[in-house]
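Take this structure first; my questions come after.
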Amino acid sequence: MDEVTGAQLIAEALKSQNVEYMFGIVGVPIIEVAMAAQAAGIKYVGMRNEQAVEACRLYSKFSARPSSLEMIPAVVEKAVRSSIYGRPGASYIDIAGDMVNAKIDRANVRFVSCCPAPPVSQADSREITQAVRLLRAAQRPLIIIGKGAAYARAEKEVRELVEVTGIPFLPTPMGKGVLPDDHPNCVAAARSRALLQADVIVLLGARLNWILHFGFPPRFSPHVKIIQVDLCAEELSNNVRAASALLGDIGAVVRQLLETVRSWRFPSDSQWWLTLKEKMTANAQISKSLALRSTLPMNYYTAFHHISELLPKDCIIVSEGANTMDIGRTMLLNYLPRHRLDAGTFGTMGVGPGFAIAAGVLEQTQKSAQRVVCIEGDSAFGFSGMEVETMCRYKLPVIIIVINNNGIYSGVDPKTWKEMEKMGDMTTIAPPVTLLPEARYEQVMSAFGGRGYLVRTVEELRSALQESLNNTQMPSLLNVLIDPASDRKQQEFPWLTRANL
Amino acid sequence: MDEVTGAQLIAEALKSQNVEYMFGIVGVPIIEVAMAAQAAGIKYVGMRNEQAVEACRLYSKFSARPSSLEMIPAVVEKAVRSSIYGRPGASYIDIAGDMVNAKIDRANVRFVSCCPAPPVSQADSREITQAVRLLRAAQRPLIIIGKGAAYARAEKEVRELVEVTGIPFLPTPMGKGVLPDDHPNCVAAARSRALLQADVIVLLGARLNWILHFGFPPRFSPHVKIIQVDLCAEELSNNVRAASALLGDIGAVVRQLLETVRSWRFPSDSQWWLTLKEKMTANAQISKSLALRSTLPMNYYTAFHHISELLPKDCIIVSEGANTMDIGRTMLLNYLPRHRLDAGTFGTMGVGPGFAIAAGVLEQTQKSAQRVVCIEGDSAFGFSGMEVETMCRYKLPVIIIVINNNGIYSGVDPKTWKEMEKMGDMTTIAPPVTLLPEARYEQVMSAFGGRGYLVRTVEELRSALQESLNNTQMPSLLNVLIDPASDRKQQEFPWLTRANL
Amino acid sequence: MDEVTGAQLIAEALKSQNVEYMFGIVGVPIIEVAMAAQAAGIKYVGMRNEQAVEACRLYSKFSARPSSLEMIPAVVEKAVRSSIYGRPGASYIDIAGDMVNAKIDRANVRFVSCCPAPPVSQADSREITQAVRLLRAAQRPLIIIGKGAAYARAEKEVRELVEVTGIPFLPTPMGKGVLPDDHPNCVAAARSRALLQADVIVLLGARLNWILHFGFPPRFSPHVKIIQVDLCAEELSNNVRAASALLGDIGAVVRQLLETVRSWRFPSDSQWWLTLKEKMTANAQISKSLALRSTLPMNYYTAFHHISELLPKDCIIVSEGANTMDIGRTMLLNYLPRHRLDAGTFGTMGVGPGFAIAAGVLEQTQKSAQRVVCIEGDSAFGFSGMEVETMCRYKLPVIIIVINNNGIYSGVDPKTWKEMEKMGDMTTIAPPVTLLPEARYEQVMSAFGGRGYLVRTVEELRSALQESLNNTQMPSLLNVLIDPASDRKQQEFPWLTRANL
Amino acid sequence: MDEVTGAQLIAEALKSQNVEYMFGIVGVPIIEVAMAAQAAGIKYVGMRNEQAVEACRLYSKFSARPSSLEMIPAVVEKAVRSSIYGRPGASYIDIAGDMVNAKIDRANVRFVSCCPAPPVSQADSREITQAVRLLRAAQRPLIIIGKGAAYARAEKEVRELVEVTGIPFLPTPMGKGVLPDDHPNCVAAARSRALLQADVIVLLGARLNWILHFGFPPRFSPHVKIIQVDLCAEELSNNVRAASALLGDIGAVVRQLLETVRSWRFPSDSQWWLTLKEKMTANAQISKSLALRSTLPMNYYTAFHHISELLPKDCIIVSEGANTMDIGRTMLLNYLPRHRLDAGTFGTMGVGPGFAIAAGVLEQTQKSAQRVVCIEGDSAFGFSGMEVETMCRYKLPVIIIVINNNGIYSGVDPKTWKEMEKMGDMTTIAPPVTLLPEARYEQVMSAFGGRGYLVRTVEELRSALQESLNNTQMPSLLNVLIDPASDRKQQEFPWLTRANL
């Protein structure tokens, strides 16, 4: 009899599904699973914190509890398949602790081979015709590229659509990089105007949720016509009724659009392009003047300006925070698809270091040259900052940049803080948004052998970032002290501000 | 100021979404909603029982709780759209009781127009090519028609596929009627053999769940190749890996198959057709001999044989029970799509009368000529039998046929019962599966003014059913006493037996 | 090896915990459990309907899922113990279907003996002193007897408290019968005044929930002092702060009060007693005049008056409905504790016949002489009316009285109904509260061999009820047609009206 | 009109319930609540991490969602009351984001005053008699003091019981300090033997859960008689049937026992005391020899021995980790009740720094002299280590001692680690239990201005701890490097090992 333990079955089933990495926190009885995973050829990364397990189940797309060891491979296949088919999402498998060390005869297990690549569908051809008719009649067309386009790996098709039709485009935060942010058709620098005045919008895997103000006036024209491309039927016509609803894989549907739109091209000398370019020039001026201010402490724009200049085009940018994430979305350009990870639709804090570790392990174990840069607000860094030990343990050359304004949204300077302290009990005096002024986050990194930099000036910033980029042996952390009163520039509309959920 | 109550908003929002019927149980504060619905032109049907509300939320595809009156129309639109887009399902809206009578200014409400018809997608053309290649190479091809084909209203396309290719087909219980059960290509009478020996199976909106024994041996060949057509990505390759995974609307995908398969036709003189026809003939013999037995009480087959002979081809058949539903699926032919409702995948008992009322209201208010026939096991009838009052109240000419074997799975005859009673306390003696022998369910109908028939013989059955079919003014109930020891004929495999969930 | 199945373990574990009755709905795999229960000496009653299982878990006090057969006896003991210790409530055990027929060696099972009787606690003696001080100083004291007093079996102690102190008392609906409703100190007939004017209230296992209007003005004095006796700490001072919070078993705490209060007695010639008696006399006059009206159809008060006259004092009264339950609470007197079951705090409809069957089985199998009378509104009867078959099957001599007003809250008479029918489609015309006029619910009973009575007059009512009381062999159903426009008498406050939950 | 916002209502309601401290993480819209709390005189402490909110609801004793602003004070009162009445636990209030800034007229709000102190109950006197009878007849009696005794503030009564009766006692981990660990009757050093041989055990607010091996053999005698004192009825006779079940407040019940037991005293020269003392002496020898080993790196026992010698008797000890918590429970003595906080029944990691901050704020704002010492395993510190910034921000003089063995359960030394690194990819080589060797956790503290110490020797340990105890201005962190292969001494039974839940 060839016996196999539950832990081995889990490990082998994951391996069969081509799972290459496992991230976990050991403890009884996870140790056995982690060791079995390594034995099966899965790379194991031990992390420092976790969130409540029951919560995972609630937010998962698929959840199951195998009722016997025999079921494990089938349940693992279903979990992996569910997580990558249709709209991607997490899967949750709850395995009873005593199953891990239980044994059964290998002959009784039904093993399941790796699930095939996700299936692809196309839109109905009549809807395609309707979409092209709308597009051809548009005076002020706009393409919005969402994360769905990135997930669908549709960058080639989307680029062709943009370049063949000559239509301006905007990426959503998670859609950045599907086309490069410096593409001539990108009108991100005139974002509010583009949204407000567009008469026909092609949504490519982007949802009209709070990030796009639900597609409602006053941020959108009440007469805008939406051509919506999505792989999820229930998402079509959500919040705004689609004038053309194209259900299918983004890449396949964009190919259908290209076959139908053929040689039509939106004129580059149109009034629409003129008005957008004019606005982009004006906005660029404002950003530039903010970025080039030489006062110290630096403001957000100065810091991001110089970071942006030095980052290699193929780096992976991870970002979380409030202003840090919002301004970074504007100031840090993405040039490649799926090279950006941020706190996403729900604004969940604490995900940055975990994302960076995952990207870093991939970089290291696949020997790719691309760097991982994780840009964190100082408050955001507090959620999972201890994960820098994990980066050091595995020598992952992740670069963390903490944009440190001594608080959440805003903080106070050290002098003011000292004066407050004299006034009495800080639990009654300190504004709830403040953190310790000039906290030395870079020392959290150096505590574990990584390189830490305290950065106050532009020169220090450029020098520290350049050194970090040259260092491929260990992680670095730049603690960039900015003006605690620094804020975002005046917004026409508070576009990308987190919703009151 | 033009004030509107919560109840009115709910009613108007439903009306805007083209909801025509409301079914409910009044009580405070539902009365106001029901009256507002009638005022808005929605037909209201008052029912007699309901299931727990919290359970509804758990099993719903969409659930929401509007946080203010202003949100009601938008939430109702999302609920209706979610229920009909993608895989159809229930939606659940939880409206706080005090909202129903609260009032707001109509000017503050964002009204939402009716959501468009569900979007349609097509399969990837490379997968279509692969599917056709598999089909052309098949020695023993089979088409399985599932409820997805019925939901998709793909009957025209499916018929063309069957008739152009000449491939034998099987309907699943909920797929019955997409093509008529007496279609020459229907091999339902050789079902087990067809499943077991097929080498290529085209699944049209059918799932490999317990009803199809998960597609596993020994009921299926371990080498069978599955061509799977489904609108739900996560369902593809579930349990058995699809050799061709066609993601899209059933009708649209079948059209794609037809365009590619062109003039190819599976030969009607093949060995596959010979073996299937031989088995069908043999099985028909067995059924016929059971159906024609003249002993009394009748057995299942005799009862269903005569019912089947009299039912009009366009009637809507509702069915629930254990043996009653299983045997009825075989013996009662369906000729039209979406003319059959049964307890479905989860075998939920008590749904029959509710389904019949819904079909009956539709029949009555739309003046269609088709009849509704609800065939119930005697145990099943106990779950919601009081709904016959609802049928009588609205004069819905539903015909209920209770197949009464004095128990669940099987019962005892009156004489045996009397002897048991003499032995003492029936709570310790009566087998748990037994019900009262020869219970007069037809009197539950006559109690409310409908027509009740007690049926013991073939002649009584035919006469009562014919009378009921002639009566379009009121509901009827036939209480058909069959042999309490009557059972299903010997099954090669217990195919349609309910799973141990 | 002595093997035992899961079904046997469940049955034996229940038997070990002195469970005597099992109520269920068989189906695979419940049959085996039911048969094992009978084999173990548990009486099994097969029912006709059930509510959703998941919902049960949510509303249970204890829920568990044994992870192995070995755990079953321990889990059953915990479930039974949890259901009877502390505040009584339901327990839910979810046993995987495949466990029922699985087998293990009996030697591996840890069997658990019957849990001891619930533990009892007493109040803190300082709080007792405070309570007695408040009581002695009261001008208008009142005792409210709740269901907690009935659960605690504290009737002897409560009677002694009332009779020693001479304080007036009110029962809550579920507290009726702890002392007889005709006890000279019962002021139920002056309920609103008693609540409103009392200056010190002793709550004995009664909660200040919606049934007691949360203890708030205008139904209570804003200056009322509450002496609260409860076994549940979290319930103390809920909604109204207790002036004396007595945590403990009701019986034990009342004994403590008695030991401390000693010979003190509230004077029977006080102004408080005068005002209450005056109000009681006036109210009795109004009820009597309503009850003695001789117009037909009868009104609620007439029907209940005559029912009340005939019911034996020791009968068990089950009741559900809207007006039927509310008026019945006033008109039908209870004389014994735990002889009343109604829809309770949550107003759940459909529980009546189930309660009646449970009481009837107990009556039958324990050969007690007491009768079970189940008084149902016509709408309420629709929820579980098919359970009359269960009553007939086991020959339980339950008497069901349907108070039939052709609707929910109110209905229409047959003539009006006929005229409505002429006007067109009843789904658009019939008021949502109406049911079929003069529905013959008694025939639902006679359909299964029980005795049915149609009752229109006082004479018919008295004769039918007397006959039913004489019949101890079978169940009876009296369908009492009352005026569809009959309503409750004018209420000072709508005291016992169901809350808008 | 006197308007009030939701945030103000929340703050004022908490203040009314005598809530003095709020701990939170600001973000929109929590900022307003935090500021309103400070304005209302509640001290606010801003934290760095949180766990998922939905999970809180699941593990809370009380949860509610106010349906309007008016309800907030009543809901807050219920939440606070529920959390302190009966078995203490968390309460969860979910307030919709848009309520925080909404306004209403103060006149419409029903304000609720502070709930009274928790009610107290006593045991039934017959059960008291039975308990005393058992105690007097005992040959080998034992008292186990659990956290219930600490919550009930019953230290005076428990001490009197122990000293009057002369019975040996054991504290559970959370019951430590109710009596001082160096009390002559404390037999913790002979724990296994005491549990195994006791014939009568008095459980004072201690549960027979996994920490006490469910009270089952082989850790307990199968004939042991349990006298159980608990305020929760459902807990009585759980797992082991109580020979005497005393339901009530621990302090009140112990007083009852004392009144009944009177002058009886268990002889100090009994065989039971001899066997326990003999075992204690032997165990003390083993611990001492481990503690006095002079090899470096230190082992657990050496480290705890010296820490124990220096800690002031009135310090509050917070502890979490695996071996660190288990061995610390034995080696670090508690002298005062409610001066110990650890990961508790569920072994939740990451709670230590939060507990320490709460204790530290209390110490600081109430100017008490007692120190807070937080002893963390190195893995445990990774969960919430960033909270040291919070300690520094508020200058809380918490002393953190990280017992650093380079891993979870065990780690590897730096030399071995370097050799592993040469072998290739650490994700495939490093044992899942290892962390970075000699990680400099003390620098995480110094990064924020606290004092960090790297400790390798006994001298360094004593000197650093003494300095930290002298420093009342800022937090300190001692990073105590111990032998990564150090383990617990051989256990007779693995008593306090975390369960496989």
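Should a chain be cited, it is by its letter among A, B, C and D, assigned in written order, with residues numbered from 1 in that chain.
FYI, a residue touches a chain if its C-beta (ideal position, glycine included) is under 8 Å from a C-beta of that chain, and two chains touch if they have at least 3 such contacts.
Not measured: the values here are computed from a predicted model.
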Query raised in the report: Chains in contact with chain A and with chain D: which ones?
Result: B, C
Query raised in the report: Can you name the chain that lies farthest from chain B, using the mean of each chain's Cα atoms as its centre?
Result: D
Query raised in the report: Where the CA atoms of chain B average out and where those of chain C average out, how many Å apart are those spots?
Result: 39
Report task. List the centre-to-centre spacing of chain C and chain D in whole Å, with centres computed as mean CA coordinates. Result -> 44
Report summary line: Here the gap between chain B and chain D, centre to centre from mean Cα coordinates and rounded to Å, is 57
Query raised in the report: Residues of chain C touching 2+ other chains?
Result: 98
**Report entry** Interface residues, chain A side, partner chain B - complex
**Finding:** 62, 74, 78, 81-82, 85-86, 113, 115-116, 118-125, 127, 231-234, 236-239, 241-242, 245-249, 252
Query raised in the report: Can you list the chain B residues touching chain C in their complex?
Result: 21, 24, 26-31, 34-35, 38, 41, 43-46, 48-49, 51-52, 54-55, 58, 97-98, 322, 349-350, 361, 364-365, 379, 381-386, 389, 392-395, 408-409, 421, 425-428, 430-436, 439-444, 446-449, 498, 500-501
Query raised in the report: In their complex, what parts of chain C are in touch with chain A?
Result: 67, 96, 98
